[in-house]
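The same subunit A turns up in both complexes below, where it pairs with subunit B and then with subunit C.
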Partner chain A sequence: MKRRTFGALAAAALAAGVAVPALAQETLTIGAVAPKTGPLAGGAAVTYWPNVQLWAHDVNARGGLQVGDAQYMVEVIEYDDQTNPGETIKAVQRLVSQDEADIVLPPYSTGLNLAAAPIYNRFGLPMVTATATTDQADQLSQQFPNVFFTLGGAQAIVESTVVAMDALRDEGVIGNKLAMVNVADAFGIELMNQAGPAFEAAGYDIVYETSYPLGTQDLSPVMKGAKAAGPDAFIAWSYPPDTFALTEQAIVEGLEVGAFFTAVGTAFPAYQARFGDDAEGVLGIGGVHADGEAFQEYAARHEEVTGAKPDYWASAMVYSSFQVLEEAIREVGSLDNPAIIEFIKGHAFDTVIGVLDFNENNNNTAFWTVGQWQDGVFKGVASTGREGAVPVLAGPDWN
Partner chain B sequence: MRLTAKNWQGLALTAVLLGVAACLPLLTTAYWLTIGVTIALYTVLATSWALFSGPTHYISLATAAFFGVGTYTTGLGIEHLPYWVLPPLAGLIGAALAALVGLATLRLSGVYFVIFTLGLAEFIRQIITWGQTVSGTKGIYVLTSITEAHIYWQLLGLAGLVWLLGWLIGRSRLGFALRIIGDDEEVARHSGIHTARAKVLLFMVPGAFAAITGAVLAPRYVYIEPILAFTPMLSFQVVIMALLGGTGRLWGPVVGVIPFTFLWEGISASVPNQTTLLLGVAFLVIVYVLPRGFVGLIEDARARVNRAEGYA
Partner chain C sequence: MDVIVTGLLLGGTYALIAMGLNLQYGMARIMNLANGEMLVAGAFAAFWLYGAGQVSPFLTVVLVAPLAFALNWAIYMVFLGPLVKRAKSRGQLEVDAILTTFGLSFVAVGIMLAVFGGDYFSYSYLSFPVALLGGTYGANRLAAFVAAVAICGALYLWLNRSRPGMSIRAIAVAPDSARLVGIDVGRLAALAFALGGAVTATGGALISTFLTLDASTGVLFTLKALVIVIMGGVGDVRGTVVAALMLGLLETFVASVIDPGLTLAAAYLLFVTILLFRPQGLFGRKTA
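Showing the complex of A and B:
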């Protein structure tokens, strides 16, 4: 009896197997490559992977992706590149040649996106990056005309930070004395090198300046030094682990400043979860139009589908980059990559961060640069042309 | 130097196999070429690693350090020098660095050496980061017209060079000295062998080759930053592949590299969420089940066949 049941099941499975080719036409394979292990796995787990899940969910919930006259459900293949550019390249190859993915999403982080750019270029795949920061979009888009940039670069972030500080100085909240520190690693170094001259040109006096290695556990000497210099404002070009550690030390030391700025990671929901009311008034890189309907609706869906809140910087940009790809495919009406790339170059897209379009260097020039925790939400206070910035308020009060 | 018929046979066979391998970019899809690059890359790294670590039993985890130095040689030099100068330059820098490290550590016994080499990659990464802080540049862009096939051919040529060098060393007084050091360093010293010098000389070989490999690979990465160039994972993978193949023979590592690349590819493709775990398990299995690697297995089989023939 058992045996016969098994036989029937096998027959049914076989029948289903035969039917699969007909069904397979209804599904599009989406490829995604990003770190699940290695140094960048933490960031990808907050900013990248949940958006892949959410976007696939949203597309399928709408009944699928519209390509010409047909509508296709999407199925995602996820690969871990172990934060290793060689593995990213290999995984993209595998997605295109072995898995025959119909659409390949861009990878995560500046380094891995750029390492993968030649391979996307060779296959002619549209690559709308959302986690790569660069000030060299012109040079890169010449070499790789299929690559688009959306997240901006260090220069704009620094300029906006100066503007935000100026606003506070004009109100008399802070004076001219700045303490500025940075993490001695790629993005931190780049930001610091642009920020020093920019703030000096704006008439600020940098009373304390130092850098610390990536992965430094004890940042109390840095904060003690900053406090002893008696600054009016504190700025750290930091990464997530030290963003948290510096804030912690500032609270412990009772640093009294009119403005407190930490860089990458300040926009994470975990920052607010960790510091609660003490996060109120802290400035950082990123920001969103937090009061906008589009973002609020996106954030609610993000939490409902993935069980986690989006961050207030790149999360929405990652999702928006997927939306750009989706809309371009729908409008072109086929999976013809050269046509999709041409379409992206020449059109504006309605996304969760607002309207997204690209200049002649495939670069989106309107992005959020500085945000601030206000009423438990990290609101954008400065951008390069985004709607919905709120006025910057006086810094945190920890005493 | 007189060569026997068997030597000529081996040399000819190697040349033919390399020639066949060089046709890969002309015959297959881009995917297999990428696999080919991975295999060629680890063949160079693992074979040159085994040239030193095989006879001396010193486990070096410095591959990532030399590789990263080579990557940065190309990254920093590409703006000022023609590309073809850079890999040899990287080789010289790698060899010099290996000599320095060797002088400092190879007089010590094994375990200090392992720890020092592991720390070396981190040490150099911090120096480069410091250099960036001082000079104010961050990641470096390497934009060239070098394709995957060019990289593959360069790596194949490099593999040929490693084998040739390894073969020559094996026939030389240096090779003989190293085998004695590996068996018993005390005996070697009493026989009048300058053990420290022999070890330092040989350590320069993997140092130079790993640096050249890094220099050749840099155009593939486009964007170079310390965290990507000095990934410690590379050092461990090279050790695992070399041990899987077996370090007793010149062709041993490549016998490990090829199956491991396919195993790793299979793991990455089918269980992308557990790659690190399975890498650890693979390491354990290799150490417990195949202590002499595939080379040991093949030679045991050959010995059994020979014995069977002897009785017949």
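Showing the complex of A and C:
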């Protein structure tokens, strides 16, 4: 009896599906997978998810996504990967095979993007990453020709940080003594390994150097140690919770440095909301052309639609990567993935971050590397070929 | 000196994190894996009230504690009471409680994500330096330490001096015999569980003044609390306090003198060493 009911229902559903195919095709299904829980959920909630919402809103507000002669409204399916690469891969499989998503957006963070690259490659999906920083773009793009990189790599970030410090040293704001710490995970260790030799080659003396485990509750021993070494500048290759904690400890300890640099999270609006005027002069990873019209217009729309401000680093890049995908689909005129990938390789795209194009390694070589809080805005002070950088100023004054 | 004060302050933080779980696990016999989520909820309440109306987190506690008490009472009555009634042995209750609260922790994370969003919540409160014994320390950490001392002291006195407190200790030692002398075990266990939840949420509100949290960080605190409670001996307030202070001092000592990268290793080394020599924990009773 039960089975018959089910059969009848299924038949009815099938009939309905057959009867009105036009209705079913009026929307495109967009798949998005990123952390909503787990260690990277906080970052994804600032940088990734609001942009998915904003982009879908913008596309639908324009009347839909243009594919060939037809225009389709978009509908987003969101999956939480719990910051677990295994879950990211499962979710992509599910999006493609079960939900039959027409477009799958790239996941969030370096680790999850790299972990998911093979599965995107297997399904032949275009994958324009916006939250992965890697120096291995050339090898990766050979292995996975469908993957594109936009956010740069550790090497450029380190080089720019050295340049920013050099500028301050030339002005006499700081001397040669540097305290440098890192969070003990892949990101922090890679940057530390590159930054150590780079700063030494530039003539700096690293007077304090240490690492601390992810999730350390009390960073005051680190800051006390750094302060005791009497550095001219402080650099931390840190993640959001420790970026906040290190800054707070530095203020409490009254660390007197001419330059204070913390990495991921410095560009978040929450950083400025928490530290207010004390954030002024703090250097960090990222940056944008904050005075540029494109960014300001984007930021206003972001706040209006999602109720939150974008961060001053990867937020705009995430949105830009969606714009690349949208424009490629529009220009190709179909959802033919190999053709879309070919189109992305060979064209330049006008996005909120500026013009995006890719070299022979599918790598966008023009990106922001270092920013600084100036007048309540996190402005880009160094980049690899982006317009709008402002001069770097002397560091924070907490005393 | 610097190391000792910093270590004690961190120990106070750990005591705040672990004390609630000690009440829930030690007294009410519920291994509550959703403990960290209660802490995050308390922290969020403080963040939200501070953001909305500049309400001091120390005032928020007055509101958070009764709310958390009521909520945990309800959780115990609806989800955990039936398990206690059904369980034939302590072992079975433990397994059932772990599975149930593990599930509840996912529900709690889901609700918090839906209500608060996944963003980090952090704010600046009392984050100015205070000079003390030749060093400078964050005022918020000092304040949290003072609160930890007050809460732990009050709990200790209550458990050892008051009638309900002693009854709770009785049900912790021998739930079956306690019933024979006219103690309402079910009601008191619920009371202990609810009180544990209130203490945890209070701790959350206090530590939110200096830690940056998001909706899914609860599990980290559950783990830390678990280590401290087991180390100190299940069901003993003194044990938790001593274990928390030891851990704080050790981590700060290792971070300051050896290397901050080794704090986790040192913490677990201490944990393993204590369990090797005193499997029942520092102040725990040998189980017959």
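Keep in mind that, in the parts below, the second predicted complex is superposed on the first by the 378 of 399 C-alpha atoms of A that agree within 3 Å, B and C clash if a C-alpha of one lies under 4 Å from a C-alpha of the other, contacts with A are read in each partner's own complex, and residues count from 1 in each chain.
What we mean here is this: a contact is a pair of C-beta atoms (placed from the backbone, for glycine too) under 8 Å apart; a residue touches a chain by one contact, two chains touch by 3 or more.
All values derive from a computational prediction rather than experimental measurement.
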Request  = Identify the partner contact of A:P213: answer first if only subunit B is touched, second if only subunit C is, both if each is, neither if none is.
outcome  = both
Inquiry  = After the superposition on A, what does A:A184 contact: first (subunit B), second (subunit C), both or neither?
reply    = both
Ask   = Is A:A308 in contact with subunit B, with subunit C, with both, or with neither (first, second, both, neither)?
value = second
Message = Per the contact definition in the header, classify A:R94: touching subunit B only (first), subunit C only (second), both, or neither.
response = first
Task = Please indicate which partner A:Y204 is in contact with in the superposed arrangement: first for subunit B, second for subunit C, both, or neither.
result = neither
Ask   = Is A:T37 in contact with subunit B, with subunit C, with both, or with neither (first, second, both, neither)?
value = both
Request  = Identify the partner contact of A:A245: answer first if only subunit B is touched, second if only subunit C is, both if each is, neither if none is.
outcome  = second
Message = So in the superposed three-chain picture, is A:G225 touching just subunit B, just subunit C, both, or none of them (first/second/both/neither)?
response = second
Ask   = Touching A:F349, do we find subunit B (first), subunit C (second), both, or neither?
value = neither
Residues on subunit A lying within both footprints (that of subunit B and that of subunit C) = 36-39, 184, 211, 213
Message = Quick check on the complex: what are the subunit C residues that touch subunit A?
response = 2-3, 6, 9-10, 13, 109, 113, 117-124, 127-129, 136-138, 141, 210-217, 220, 224, 248, 251-252, 255-256, 259-261, 263-264
Query = Inside the complex, what are the residues of subunit A that reach subunit C?
reply = 35-39, 41-42, 44-46, 49, 181, 184, 210-213, 215-222, 224-225, 240-241, 244-245, 248-249, 251-254, 265, 268, 270, 273-276, 308
Query = Okay, in this complex, where on subunit B does subunit A touch?
reply = 29-31, 34-35, 38, 41, 126, 129-130, 132-133, 136-139, 141, 143, 217, 220-223, 225-228, 231, 233, 265, 268-269, 272-273, 275-276
Query = For subunit A, which residues count as touching subunit B in their complex?
reply = 36-39, 78-80, 82-87, 89-91, 93-94, 96-98, 110-112, 114-115, 117-118, 122-123, 136, 139-140, 143, 184-187, 189-190, 193, 211, 213-214
